[in-house]
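So, here come the structures, one by one.
Each of the next two complexes has chain A plus one more chain, namely chain B in the first and chain C in the second.
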Partner chain A sequence: MKVLSKDKLETVFNRLAQESDVYVPMQRGEQSGFFSFLTYDAARDEIALDILNTYLPPKNIILPQTEKMYSFRQEGTKVNIEEVYEDSQPKIIFGIRGCDAKAVECLDMVFLTRGYEDSFYKSRRENTVIIANACYAPGPNCFCESMGIDPVNPRPADVIIRDTGNGTLVWEAASDKGKKISDQISEFLEEKDVKLPEAKQCQRQVAYDGVAEKLRDMFASPVWDKLSEPCQNCGICTYLCPTCYCFDIQVKSWGEEGYRFRCWDSCMYREYTQMAGGHNPRETGTERFRNRFLHKLEFFKERYGTSLCTGCGRCIIACPVGIDITNIVDLIKEVDAGA
Partner chain B sequence: MMDIANKIKEIAKKLLESGEIDVFIAWEKGNFDYQTRPFFARTADDVEKIVFDEYSVHNLANFLLKYRDGKEKIGLVVKGCDSRGIVRLLEDSQFQRDRLYIVGVCCPGMKDPLQTMKDNSGLNKNPAADSLAAKCKSCIQPNPVIYDELLGEQQNPGIEGERFARVREIENMDAGERYQFFAGVLSQCIRCYACRQVCVACNCRTCIFDETRPQWVGRETSIEDNMMYHLVRASHMAGRCIECGECERVCPVNIPLMLINQKLVKDVSELYGPYEAGMEYIEGAKPPLSTYKENDPDDFI
Partner chain C sequence: MHKCDCNPLVPDIVEVIEIVEETPDVKTFNVKSEKGVPFDVMPGQLAMLSLVPVGEAMFSVSWQEEKEYLQFAIKRVGLMTDELHKIDVGQQLGIRGPYGNGFPVEECKGKDMLFIGGGIGLAPLRSFIKYCFKHRQDYGKIQILYGSRSYADLCFKEELFEKWPGQKDTEVFVTIDNPEEGWDGHVGFVPSYLEEINPDPAGKIAVTCGPPIMIKFVLQALEKMGYTDEQVITTLEMRMKCGIGKCGRCNIGSEYICLDGPVFNLAQLKKLPPEW
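After this line comes the complex of A and B, so read on.
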């Protein structure tokens, strides 16, 4: 087995950072998240490969919350595109967990398949290397296994790292991109036999089988009134979700010039479905709440064959009123679909 | 607290069975001992699930906004700060007093289930000790100011230290330092609008930030747009914030929002007061910035 000693990590990050923007899990103040190693400040940040997962999901690395698309200038009756901001800077996400890796796959499905390729996403994604961190001890809100994920074999991944718990990481190249990265840091990798920890099962299990199918008949169910009652329709769940990808495209302009940008949007917001004529198909909080869960559990599965929830548990942890998607799945299983 | 919980259940059951109310808003237990969450009881059976414990931190008055256009009569439990939220809604003509049955509880201070969820999640490298919610450490009004029934013994305010000490620290910075400070904390904002959604004073039917024609505030998470969002929201809170601290408690990126609100509490009181928002309900009374007097100070404009 190829093994990397954890005390060489900073040196490795420095080496990789010569060619790529390396995103590393860090505890920064009260939040953990994937932050660029270029912004690492030992006085403020702690590298946190050993925590269960980051509180802020890594999705902003390949789908930034705000992204400039192009700038323009008007000349007479003509509009000239001045600059297109496609991002082809090589990036490495170091230490992403299986739930978040699967989330990247979901984003890929949305932005790269079904006859439409988003060039902004594609450029970023093609230049991103995923180093996934196998997860041997899921936390109290994890249920990735129930969503079809094997946390010790994260996919998609270019490299899989496995924390032995004894100051070393097992290093497995899993793609050509991964092999290239391994070559770059080969001097830090040693050949060694090490013992891997025993994989623990998720404490939480949720019976998702059949839920997508059942939900087809539950659009008009009164169950949504009850489930959504505590929801205050903030966007925390959608913005901390590693898969929620909804966005808006807006423009800022002054005088003859301006730029167009893309920014995250949330189905929790009324403005999200506000139509130009004044009608809003999801006027009430209940309708917006229902949409979020139908999208996660039914619509995405119908279109792409997999659920849009990867079981990371962030929405459960951060919801101010304790809404828990696993309780919702359980309840959907229980209720009479027609009722 | 068991006693109080039992009394709450008794009251809720009586009110629901007699048909005096349609829904009773309290708390239930979630999946963990430390997870207490808002709960809406409609039947005597539902009432069995009601709890009131050391984690009943949420300001339930905010949920009244969900029912403001209906006719349902609503029972709910409020602590001191939450009861000021009810006054906020009544003064703002967002709810009718006779649609409410208010069960006031004198509050000894609460722990924050949200913080405890985060601390036990495994997603925080340096979890805090399970202690009193930060907002309860600046509490000035633990005892309900409006109620139909009052439970528990009168409590002393939980405030620790001098009330506006942190505000003064910021006031004493020079403009450059102050900008740096706010640019630092507001650059974290992810624009989830949770601060607005949990706020009883944010009761506009269409929020300025949701307007699109014109769009008053840009949607980029740039420091400019983030500042515009927070400063406009803060100025709408002037003289109206009842200091329940929910905005800061639910903020997923720990922006010290109460620092901004407290600055306005202090300024409004100094300029127009002494004034504390929502301390008593007098029919027709309005906060200072919702009325006009010829001798109002205006030299700061």
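After this line comes the complex of A and C, so read on.
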């Protein structure tokens, strides 16, 4: 098998960065996430392939938190669309885990299927290479297995890397894009037989089977009042969730010029569904909380055939009041659907 | 003029060619692009209009006049519509669409049609009503019941009082909420007037749009009169941003109003969570 020595990683990143923006998991002060290798500062950052999980998910690489869509000019009554910003810069996401890879698949379903292709997303996604890191020892808040993910075989992936634990990574090209990248760095890959670590199971297990179906009859259940009671509707879960994709479209204009942009939005906020005439279909925090969990666990599955939770565990860590989606699933499982 | 044909979120440009003041807070805007209509629209479909430096908002297209122009009847209710009401003929706007499923004009062929509207809710119904008149032979008897707060608040007065009542096999019923000087027509709310008229459900499709409270009582009245859930159609409204089923906010359950709606029959609606 092809093997890459970990002490050559920085050299490899430098090589790949000649053609692509390379995003690498790093610990940066108290923050961890996938940051551009161009911003890597050895005095401040630590390249950390083993973090489970990075605090920030990699979704901003293909769905930026803020993204310019097009610029315009309005002179008097005349309007002209000037430039459309579709980003085709090649990108490599290095070392994402099965949960985040699955999240990319969910984003692909949203932005590339069901009637319309989102051109901004498509352009970025087509030019993105995913190098996924197999998980042999899931972290303390990980529960991806319960959400139908095999952490040792992350999908979708162009290359799968497997950390042997002995200073080397097994390198498997898994697509044509992946083969191209492998060719670019072939001088650093050695042919070698190595032993892979034994895969450990997630410590957290959730019985998600049947939950989507059960939730169909639970929209009016009083359980939502109880579950949502501690929720502050702060939205941190939606920002850190690798699959939360909702966005707003806004405008910035000055004088005769301006641009329209989109930015992440959150279903936790009242304004998200506030209509101009005053009506709001999800006026209360409980209604918004219910919609979020139903979207994750029921609605997305009905529409796209898979849950919108990938078991990454980030919301569990970040929630200021300790709301834990695995407890919610457990409770839904226990409660009498009609009650 | 730049037009990106491939990117569904980038607007085409249209120009306002006529503005009609319908009521103190409703204006109808006729818009056309260089080629006439920017795209073809079926009754009940939506389009995203933008006053480009200000904002975008989704509106029901109240009529497509051949290949010449699109009509939007727009009520002043918020920031964007406030600004729209200030523009003059000649102003260029952004437009993208058409969005949504529209009314089931094919399935309704051969049926008697009952349209029940309140306030600005007549705007989307009007596209279907005018479609029926344009294809008069395809539809049976047409009944239109419409109400508003006052005479001044009635939209499309010329059509209501002059054009539509003269059409073949057509009845138009108009009501206002409270009595006023000079009005000798019906006074009262739409749902109770509907019960008075008591239109027979046999072979009929009822299409309704209006304020949520009106819709609620109209649906109750129709049920009482023996209309089945499949015979009752309505068109929903939610906040929308993208129009293409991506941005998330207009969902009711797993359906997106911009893409799977805005038109549903009552049988379909009853399968969704009661957030409409």
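Methods note: the second predicted complex is superposed on the first by the 339 of 339 C-alpha atoms of A that agree within 3 Å, B and C clash if a C-alpha of one lies under 4 Å from a C-alpha of the other, contacts with A are read in each partner's own complex, and residues count from 1 in each chain.
Following the convention adopted for this analysis, a contact is a pair of C-beta atoms (placed from the backbone, for glycine too) under 8 Å apart; a residue touches a chain by one contact, two chains touch by 3 or more.
Here the structure is a predicted model, which means the values were calculated and not measured.
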Will chain C clash with chain B on chain A after the two structures are superposed, or do they fit? fit
Under the stated touch criterion, which partner chain does A:111 make contact with: chain B (first), chain C (second), both, or neither? second
First (chain B), second (chain C), both or neither: which does A:261 touch? first
First (chain B), second (chain C), both or neither touched by A:303: second
By the touch definition at the top of the document, which applies to A:248: first (chain B), second (chain C), both, or neither? both
Please compute the chain B to chain A to chain C angle from C-alpha centroids in the superposed arrangement, rounded to the nearest 10 degrees. 90
So in the superposed three-chain picture, is A:78 touching just chain B, just chain C, both, or none of them (first/second/both/neither)? second
Does chain B (first) or chain C (second) touch A:274, or do both, or does neither? both
Scan A:335 for contacts with chain B and chain C and give back first, second, both or neither. neither
Between chain B (first) and chain C (second), which does A:282 come into contact with in this model arrangement: first, second, both, or neither? second
Looking at the superposed set of three chains, what is the minimum CA distance between chain B and chain C in Å? 6
Interface residues of chain A shared by chain B and chain C, listed 248, 265, 274
Listed in rising order, the residues of chain A that touch chain C in the complex are 69-70, 72, 74, 77-82, 84, 86, 110-111, 114-120, 219-220, 245-249, 251, 253, 258, 260, 262, 265, 267, 272-279, 281-282, 287, 291, 294-295, 298-300, 302-303
Given the complex with chain A, which residues does chain C contribute to the contact? 1-4, 6-11, 13, 15, 50, 52-57, 75, 77-81, 88, 90-94, 212, 237-239, 241-242, 244-254, 259, 273-276
Give the list of chain A residues in touch with chain B in this complex. 27, 29-32, 46, 48, 50-55, 65-66, 139-141, 226, 229-230, 232-236, 238-240, 248, 250, 252, 261, 263, 265-266, 269-271, 274, 285, 313-314, 316-318, 320-324, 327
So in the complex, the part of chain B that touches chain A is made up of which residues? 30-32, 35-40, 58, 62-63, 66, 113-114, 117-118, 120-126, 188, 190-194, 196-198, 210, 212, 215, 218-222, 246, 249-250, 252-254
